[in-house]
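Below, chain A partners chain B and then partners chain C, in two separate complexes.
Entry: the complex of A and B
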């Protein structure tokens, strides 16, 4: 989603978005989530009936609402990164990052409401293995999201500089890629937990 | 040359080697002697667990002694990195002080692990299995549930590298991102409190194996990158020293 810094792409044609080092973090994280998702799918294959029955008790509307919040936040981050690169629009970038953070906060609020709904109905991680995965996977994702909001607030501060350095631009791109990863993980997690039959 | 660079590279490298010794001793003691890589299932009955300790009490005692000796090296190893954090910071070294505090605290958890196992193996035949079970749980909680100071330290290393004012920087920047990644991914170790079976119980893939490999893999990576940082720093300091000597007026000119 985030493209190259144009000025630097001229000298180094094979450049990746952000700092190459940031991709150790992003790809490494995705590998571990891939392990979690595989473990979940294997467990699900052992008892498809229980998983299907438990899945019925999830609130799909809240899951869908959160998907919309994250997609919106990613869009705002894309626009913010574009704005930072253009002198004429740079002043908009901090507002766009704040908008993305607000979407993140909305996600957390909806998630808290969703967890509360489950716990009030007597559903906990110990109810059965489906809900164990539901709470752990969404919880680990939530932890990433909160960390990601910390990253976005750093980007917000960097975006306020009038003349960001090349390193600042690279950091902003890398941070934006991290946020897109948090979004991407949810895009996989949402159907996996809420929708797949 | 009469004058020498101010960094004692031999001592710095020795401190790093203590970390290598720590990992090697962990494999020998916890793995080969004690058979505790991975952990016994939290789902074992107290009697089954007691049998494990009675059957291997000799090996466990020796293993605990080895572990206790080598795990004190956590402090020496971590300070080799902390000293570089100091060099990456300027006049108000908050990250350095956080690093020292977190490692001083984290170090106690390390030593308590073999100490508690040694107490269990001290008189396993007469120890009430129910108490033994709780003590054994306690060790694994000490091992895994104490992840936050270590994760916080990883994040601090990452921050220090990203904010490094040296040119060239002491560590390559990817090391910062690696530290952030590790800091996030040892987090599932905190989930053991909720489960007695499955991937997030203290013998599970998510709660034990992933944090275990990430943590000790991270130790090895930090050791290698710090060795490289020492080598680069040495070259920089030597070049600076040579330049300073050349800049001085020669004795004949006086």
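Entry: the complex of A and C
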């Protein structure tokens, strides 16, 4: 893999994926989440027993399932962007974006089931500080995911163009990076909230 | 379709799924003692930030980005990863 990676890197000129402005937003958002991660861990340090006890009530399998949905969607977006760039495969791009949106819908359905399970058991953000952070952090992430699905819908429309302009390609790349950021944030949130004890 | 799949990102995707399975196994093992749980936590968080880096470099295509952008991302992974690990250990 290293050889393949190095060969591709050597042959590809350095370029910013998408519009440079999109990166200010993406990196800024990632920094905001870094603050969230830190605040959560500081609060956890105040009462590790309560956090450990509360965490046991989360469904780790559903969290893992959602991770797989997001990874699947990210792969489909990577393939869609590659398809848009290649004349021979451009016709596949809209289908690949639809596949990524379907994965996003699956994530929302699983998350809704998870919230319903908690609320039915009488667990709300007011139950204790762990669940306050659980609902707020996963809720903010869910908001990003739903917004990202809106972005993917726009990319789906753009990908239907037979000859996308440079601006279209930049928007598609930037939108794809936003979706990968949604995936990337969940990659940290999932272990932080569900797994580490 | 097979041409589209022939990219390092596909291999990275398999690695990411495998890493998720490892983290999930470590995080759901209820037979671990407190010290092993702590070590498992360190491993799970380290794996998470390696996964973040892979997503950035291969899915967001930052390995082909100008050094300033790639550098900022690498710095994020290193700094936030270290901070999260330090705060996790502080809680124990």
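Points to keep in mind about this one:
In the analysis below, the second predicted complex is superposed on the first by the 183 of 197 C-alpha atoms of A that agree within 3 Å, B and C clash if a C-alpha of one lies under 4 Å from a C-alpha of the other, contacts with A are read in each partner's own complex, and residues count from 1 in each chain.
Just so it is clear, a contact is a pair of C-beta atoms (placed from the backbone, for glycine too) under 8 Å apart; a residue touches a chain by one contact, two chains touch by 3 or more.
Just so it is clear, the structure is predicted and the values come from calculations on it, not from any experiment.
Partners chain B and chain C, brought together by superposition on chain A, fit side by side with no clash. In the superposed model, more residues of chain A are touched by C than by the other of chain B and chain C. Using the contact criterion defined above for the overlaid structures, shared-chain residue A:29 touches chain B, although it does not reach chain C.
When the two complexes are overlaid on their common chain A, residue A:45 makes contact with chain C while staying clear of chain B.
The superposition of the two structures on chain A yields an angle of 120 degrees at the Cα centre of chain A, opening toward chain B and chain C, reported in steps of 10. Of the two partner chains placed around the shared chain by superposition, neither chain B nor chain C is touched by A:110.
By the touch criterion defined above, A:144 reaches chain B but does not reach chain C. Residue contacts after overlaying the shared chain place A:132 against chain B, while chain C stays out of touching range. In the superposition on chain A, contact is made by A:15 with chain C only, not with chain B.
In the superposed model, A:123 makes contact with neither chain B nor chain C. In the superposed model, A:182 lies in contact with neither chain B nor chain C. Of all C-alpha pairs spanning chain B and chain C in the superposed arrangement, the closest lie 15 Å apart.
Taken together, the two structures place residues 23 of chain A in contact with chain B in one case and with chain C in the other.
Within the complex, the chain A residues that touch chain B are 19-25, 28-29, 32, 35-36, 39, 125-126, 129, 132, 136, 139-140, 143-144, 147, 171, 174.
Interface residues of chain A, counted against chain C in their complex, comprise 1, 4-5, 8-9, 12-17, 23, 27, 30-31, 34, 37-38, 41-42, 44-45, 48, 60-61, 64, 67-68, 71, 74-75, 77-79, 82-83, 86, 88-89, 92, 173, 176-177, 180-181, 183-184, 187-188, 190-192, 194-197. Residues 162, 172-178, 180-181, 184-185, 187-188, 191, 194-195, 198-200, 205-206, 210 of chain B touch chain A in their complex. Contact residues on chain C toward chain A in their complex (touch as defined above): 1, 3-5, 7-11, 13, 16-17, 20, 23-24, 26-28, 37, 40-41, 44-45, 47-49, 51-52, 55-56, 58-67, 69, 72-73, 76, 80, 83-84, 87-88, 90-92.
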